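What follows is a structure written as structure tokens; I'll ask about it next.
Per-chain residue numbering starts at 1, and chain names A, B, C and D are given in the order in which the chains are listed.
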Amino acid sequence: MAGSLNLSGLLRFSSSREEALARAARRDAEKAISLCRALLSEGGEAASTRLAGEVLDLYHGFESQARDAFFDALNAEFSPDPAKILAVAEAYRKDTTAQNLQRLERVVEAPRQELFRRLNTVPGGTKALVLMRAQLLQTLSRNAHWEPVACDLSHLLSSWFNRGFLVLQRIDWNTPAVTLEKLIEFEAVHQIQGWDDLRRRLERDRRCYGFFHPALPHEPLIFIEVALTRGMSGRVQPLLDPAAPVTDPSSADHAMFYSITNCQEGLRGVAFGSFLIKQVVEDLRSSFPRLRRFATVSPVPGFRRWLSANLDQLASLPKFARLAELAPRLEEAAWFKNDELSSELRGLLVPLCAYYLLYAGRDLEPLDPVARFHLKNGASLDRIHWLGDTSLSGRERSAGLMVNYVYRLSEVEGNHERYVKDHEIASSHEVRGLAKQVITAAKAAGVRLAV
Amino acid sequence: MAGSLNLSGLLRFSSSREEALARAARRDAEKAISLCRALLSEGGEAASTRLAGEVLDLYHGFESQARDAFFDALNAEFSPDPAKILAVAEAYRKDTTAQNLQRLERVVEAPRQELFRRLNTVPGGTKALVLMRAQLLQTLSRNAHWEPVACDLSHLLSSWFNRGFLVLQRIDWNTPAVTLEKLIEFEAVHQIQGWDDLRRRLERDRRCYGFFHPALPHEPLIFIEVALTRGMSGRVQPLLDPAAPVTDPSSADHAMFYSITNCQEGLRGVAFGSFLIKQVVEDLRSSFPRLRRFATVSPVPGFRRWLSANLDQLASLPKFARLAELAPRLEEAAWFKNDELSSELRGLLVPLCAYYLLYAGRDLEPLDPVARFHLKNGASLDRIHWLGDTSLSGRERSAGLMVNYVYRLSEVEGNHERYVKDHEIASSHEVRGLAKQVITAAKAAGVRLAV
Amino acid sequence: MAGSLNLSGLLRFSSSREEALARAARRDAEKAISLCRALLSEGGEAASTRLAGEVLDLYHGFESQARDAFFDALNAEFSPDPAKILAVAEAYRKDTTAQNLQRLERVVEAPRQELFRRLNTVPGGTKALVLMRAQLLQTLSRNAHWEPVACDLSHLLSSWFNRGFLVLQRIDWNTPAVTLEKLIEFEAVHQIQGWDDLRRRLERDRRCYGFFHPALPHEPLIFIEVALTRGMSGRVQPLLDPAAPVTDPSSADHAMFYSITNCQEGLRGVAFGSFLIKQVVEDLRSSFPRLRRFATVSPVPGFRRWLSANLDQLASLPKFARLAELAPRLEEAAWFKNDELSSELRGLLVPLCAYYLLYAGRDLEPLDPVARFHLKNGASLDRIHWLGDTSLSGRERSAGLMVNYVYRLSEVEGNHERYVKDHEIASSHEVRGLAKQVITAAKAAGVRLAV
Amino acid sequence: MAGSLNLSGLLRFSSSREEALARAARRDAEKAISLCRALLSEGGEAASTRLAGEVLDLYHGFESQARDAFFDALNAEFSPDPAKILAVAEAYRKDTTAQNLQRLERVVEAPRQELFRRLNTVPGGTKALVLMRAQLLQTLSRNAHWEPVACDLSHLLSSWFNRGFLVLQRIDWNTPAVTLEKLIEFEAVHQIQGWDDLRRRLERDRRCYGFFHPALPHEPLIFIEVALTRGMSGRVQPLLDPAAPVTDPSSADHAMFYSITNCQEGLRGVAFGSFLIKQVVEDLRSSFPRLRRFATVSPVPGFRRWLSANLDQLASLPKFARLAELAPRLEEAAWFKNDELSSELRGLLVPLCAYYLLYAGRDLEPLDPVARFHLKNGASLDRIHWLGDTSLSGRERSAGLMVNYVYRLSEVEGNHERYVKDHEIASSHEVRGLAKQVITAAKAAGVRLAV
């Protein structure tokens, strides 16, 4: 009896405790919201810096419940007024003057845009707004009604983080530690294993560049890592080896871009990558006149997934029949050290990868996200490397395959235009030849590839 | 005969020459506009930096005719599409969803906003857009149809020049010459007579601060000049004297703000002044703990004009009857050196100036623009000084009167709020007493002052 | 037979190989020396930068044999000429004019001083000369004839590293990694265990400052680590704990200097420490007005050694008789965790430590090197802490004892002067009382302490 | 009577007043000297920064009498002790060991060297010592007994201002005004007429570089002005014209060095010029690959003086007989505008100038100081320009002649060596041909030129 009473007491307690927390969260959010109201009011101007500071201090202290309540209120209270919009739209319908259009522009802009601008006036404001968007995006899928709030932030941030305000900076061992630790934190493609690994990546035969915004002086928005090498690199492990001897960069003829990382989740969708690559190419060209090729060593993140999804059909082609038996062996831990197996897989997977990159999923754009990024930027798909990335993640993503996309400055604009307008992909003769093996095999077998 | 023939030929020539120039201007503008089209097109992304650079190069080469044609086209071609707006507005009317609202936001935003954002991506882009707005504003009164273009630029620039992106910098003799020459160029209140004058204004008993934007690193957006003095200054000439001995700033107890200057015509209407004054007060307080008062030495630019306009009525009050005879003598070159005349004028004009500042033209705000600025910022009208500015412009504007507005940090927010909400003006007992003389005189005379 | 033949062949080979290496080393050194000759020659001026660069490149490539040969030659060939000195000294003896004195000055200065000045003209020159002195000092004890070379370098470097050319810089997480890694490399008192440990030492409740020379911009010459605390710290482990919570520095009332490290072996004997401490005290005072005491948490590096050397005599005093039995137990790994043992040791060792610091080895100065440093700087010996440093090295050096030396700016000059002139030590009543216990015990026992 | 009494009273007064001043000066100097004594004393270390600061404050307040007394005392009191020197010299004579040599070195070094080093430890110390030497040199000719003091300062400063510590900086319109005003102050060859003139000299077709020392961050030690031109410039007026149109520097093929100025009188004799020119040549070469010649546009400051002194002999050569009549006309204000006169003078003076530069006064080095400087640096005398500098000073110094010295990096070392060792002058065929006209004329006339 006592037990069940206790339990029930506990439940009640727990529930009332949860309620209390929820109430506290609502109270905190409401306090911040009422400061927001004051900040937007007529008389708030003289106090604006103080008010904005207080809102942000509260925001930084929010637990997730208070944050949710705050986002709810941003949507409920600081949205445009439909009645006003309808009235002005009607006026505009009757008389499409510039004045009416301006009034319409004014009433469709959510008041929270001005709120965000005023929050931005204090030190740390920009950083807080970038964080706010990151936190919105995190749970947006469960809170679709925040979409307009996210949208307004997105609009503002992409205007504020315009390329014209970004500063390209070289990152090296002279860079403050506060910035360097961000590289360790954010690098996702080829993780940085502590400071010694980082130090090797910043030696004189490597280059690292980032875009910075004056309002976030220590935080790269995006950064790119480059190895200066003799000849084209298809394998990433030698580039990442912390013990690799440092070579003389002035004798290098290739710049291999082996990683590019976006750091600010709150700036998702604001595109920096294309600008960054082009400016880095220019900077390297003027520093190292002997460089004659600029290319990536890129993963093919969607290849294994595509292969699994289409395994039956592909294995139905006589030329690729061995896939049925060999594809499952990619799950083995050390398949790539088995020379015979590896060699047989290579003969099957390299052509399929070429086919995947050039044709798979193409309604308009390639299925592979990395391919989409570089090809849209105007790069050309140049080469496919067997066992280019033998790390666990490299094998899981793409059976160890790596790809070079080449950036030729004279062709970038044309490639981009053909890609965007005609959905054409710039690629080498070699890669096209590989893909053709698959097409020919399918034709020969009378199979129409669904992919 | 020959003569008239010649003349007619000349006219024809001139006219055809003008036409040719006009054609060339249209051609130039059209070339820039077609680059703008490319810049906004889907395929323009990879080439955007190049295209934006070319547009701005052309723009910088424009004569006024080409510029006018360019502005015309910005209005005609890159405005929102009324048909689309009407359609989306109708959809929104039927169904006021967030999606429809977003679509509406999108279609009411002029495509030139995106164009401006893309022009901003190149080095010098921000500066060019600030210049573009300055040039638009210059002839806007003759080209009212450019209003929407000006409006879009204004919207973008006030977002980009948000206080959060501005940097307060002290300006002194260690500042680069490229920045210092802007002070000489822009200072309008008390013109700087060359480098020696400037140097005195940057000595250690003076302070000068400016707001800078990272995209215009050498150009102050606004700057303020301060003298560190013992006691309150009511006369500006001693502060401006290049030969005045330099005093020890650490013994000063007053910070006198004697000039504040906006530098960027293209940012007209983007308010920096209030932020600047407050931050400078804070900076000075922490550098010089002995400072106990922060006040301006300000002109009263509209006083003489107001006095002339209301001379008859004011002179009809017995107490101010002498005005009729004495006011015209303000036109004399050296009236202020005539002690007797000056003394008599003082007894008349000082109370009238107090009345002018507190009551004149008050529907809601004071008539005097400098008063409006400081009072709205939360300052208090503290004192009126006879012969505070005996320069020609000082005499022309305000019969030589100068005014102190005092900034007390603890009162600024309250003053501002009362000013904005209740149209109350913070002022000293002394100034109110002076103004009361005029009111009493009017009552005594049974005159209802129209002003 | 074959074996012994082989062996002998090997020996011969080895010996001839060693000879070959020695010849090569001599050749390398000779090449560098002949470049030095050219650099000092009349015609070498136009080529001086090139020649100096070549000498330093060779020097940096030297193995130890070549380096030794180079140092030998610096001594043999670039020393003053005794014959000349004798002739000029004789002239001076006959006629002690200023001219003859100047000539004498000139001939006694070794030509290698000018050589070093010319080597300094190239980028990296200063660093190379600092390295050269470090390498000289390393093997100087085995090569006493290099003393004059070391002396000349010492003379030059102490002139070049004059305090007036040093820059005090705060070192924190915004400092370039290239500098931070030097802290990890050089900190010897309380070793830094990698980047996370370093990061904690640079948090906002810690301060780190270094002296830098413009010619070695990334290398601290000396650095000091400070903890901002509430109350005096006697135990160093809490200050070093990477997991210790970060506190608000503005509430601290004590600045505890817990480590000071010289980084450049090549600048041994050039005294920076005293200047550094005083400037850091001043900097902290102006940043944190609430700080009221500046003190060290210092080791007593010579205490255990002194204790061992004098154990018999000390244990002969009845009051300290237990030493004979307990002192050996300091070798046990965990004696300090044994409360009873620790308590008994404390009663014996704390007074002895006070005696050691105030009287031991005093001809003129204390035996303990850390005491000598701080007392000569003008600090006062304030407190002795039992179990102040329980690390292995702390126990080995000083049985875990730590000491506070207090820097009171108003007393520093007087303390220093009394220390230097009268060999008086500034100390607290408490410490003097502790030392007196030993003296009294000795008197009581009729023992005259030899130490 | 009264008059003479008065006068005598005045004289007495004046004399006693002078005496009083002299006494005050001696008192001030004595006060500084006693602080210097304390600074050098054993116990002065802890107080050294304070003491050094006080000495320099006093020094900066000295009138010339006090300064003279101070310099007297520096010589009298802080010189080496002859008795000690003699004793140590005798010891060395008996036993020429390294130890005795070191003792000798120590006793011949004046104690004021250590004094100067300690004065240098405070902020502003280096600047004060440079000033001290400048003030010593000013009146050294009247105070020969200060020579040893000047010598010690010279020794220290040339060690401290070693090339390795100097920083080459480009000076342009982004340079702080505090530095730019020094250019206006110091430029002596072609005076800068205010800020507008300066601005033109810093436009993008001009370059200005200076050497800076970290202890004097705002003061160039030496600076050089360069014009980037198409073709060689022989006339300096077009280069100096503030109204000259700015040209595109990337199209220039010549870098014309038209002025080089030493700024610190206190560093007279410390040679920076040769280093500066060479480094500027290298910097320009890498910035402007199209530059193919680096040359000066230099005055010939001693030509007119030499011409006057040797006029009779030169005019005695039939080929130069017209000199007797024409040379005096160089005194006319506008002779150079008289084409006929100018043309005749040209035929006479250009060969004589070539002769003057190559042969005049040559015991070992040319008579002309500018020639000595550039030829010793390794430049080659390339061309002589008639009416190269038509300014008043240009006509007074060299009858308007200007000269190009060419710096060819590949020949500089060889030229320097031949100049220093063999007194050979590198010159063009053309200039040698001109000089030969004079030699031939002398031979023909059987005259042996005395010069």
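The rule is simple: a residue touches a chain if its C-beta (ideal position, glycine included) is under 8 Å from a C-beta of that chain, and two chains touch if they have at least 3 such contacts.
Remember, predicted model here, so these are calculated numbers, not experimental data.
Chemist: What is the set of chains touching both subunit A and subunit C?
Modeler: Where subunit A and subunit C might share a partner, there is none at all.
Chemist: Take the average of all CA coordinates in subunit A, do the same for subunit B, and state the distance between these two points in whole angstrom.
Modeler: The answer is 43 Å.
Chemist: Need the CA-centroid distance for the pair subunit B / subunit D, whole Å please.
Modeler: Comparing mean C-alpha positions, subunit D is 51 Å from subunit B.
Chemist: Report, in whole Å, the distance between the mean C-alpha point of subunit A and the mean C-alpha point of subunit D.
Modeler: Taking the mean C-alpha position of each chain, the two centres sit 62 Å apart.
Chemist: Going by the touch rule set out above, which residues of subunit D reach two or more other chains?
Modeler: Residues: none.
Chemist: In graph terms, nodes being chains and edges touches, is this line, ring, star, complete or other?
Modeler: Shape = ring; chains linked end to end, path closes on itself.
Chemist: Can you list the residues on subunit D that touch subunit C in the complex?
Modeler: Answer in residue numbers: 42-43, 45-47, 49-50, 80, 82, 85-86, 89, 92-93, 96, 98, 101-102, 104-105, 108-109, 117, 120-123, 125-126, 145, 147-148, 151, 156, 159-160, 162-165, 167, 214-215, 274-275, 278, 377-378, 412-413, 415-417, 420-421.
Chemist: Hey, which residues of subunit A end up touching subunit C in the complex?
Modeler: 173-178, 180, 194-195, 199, 218
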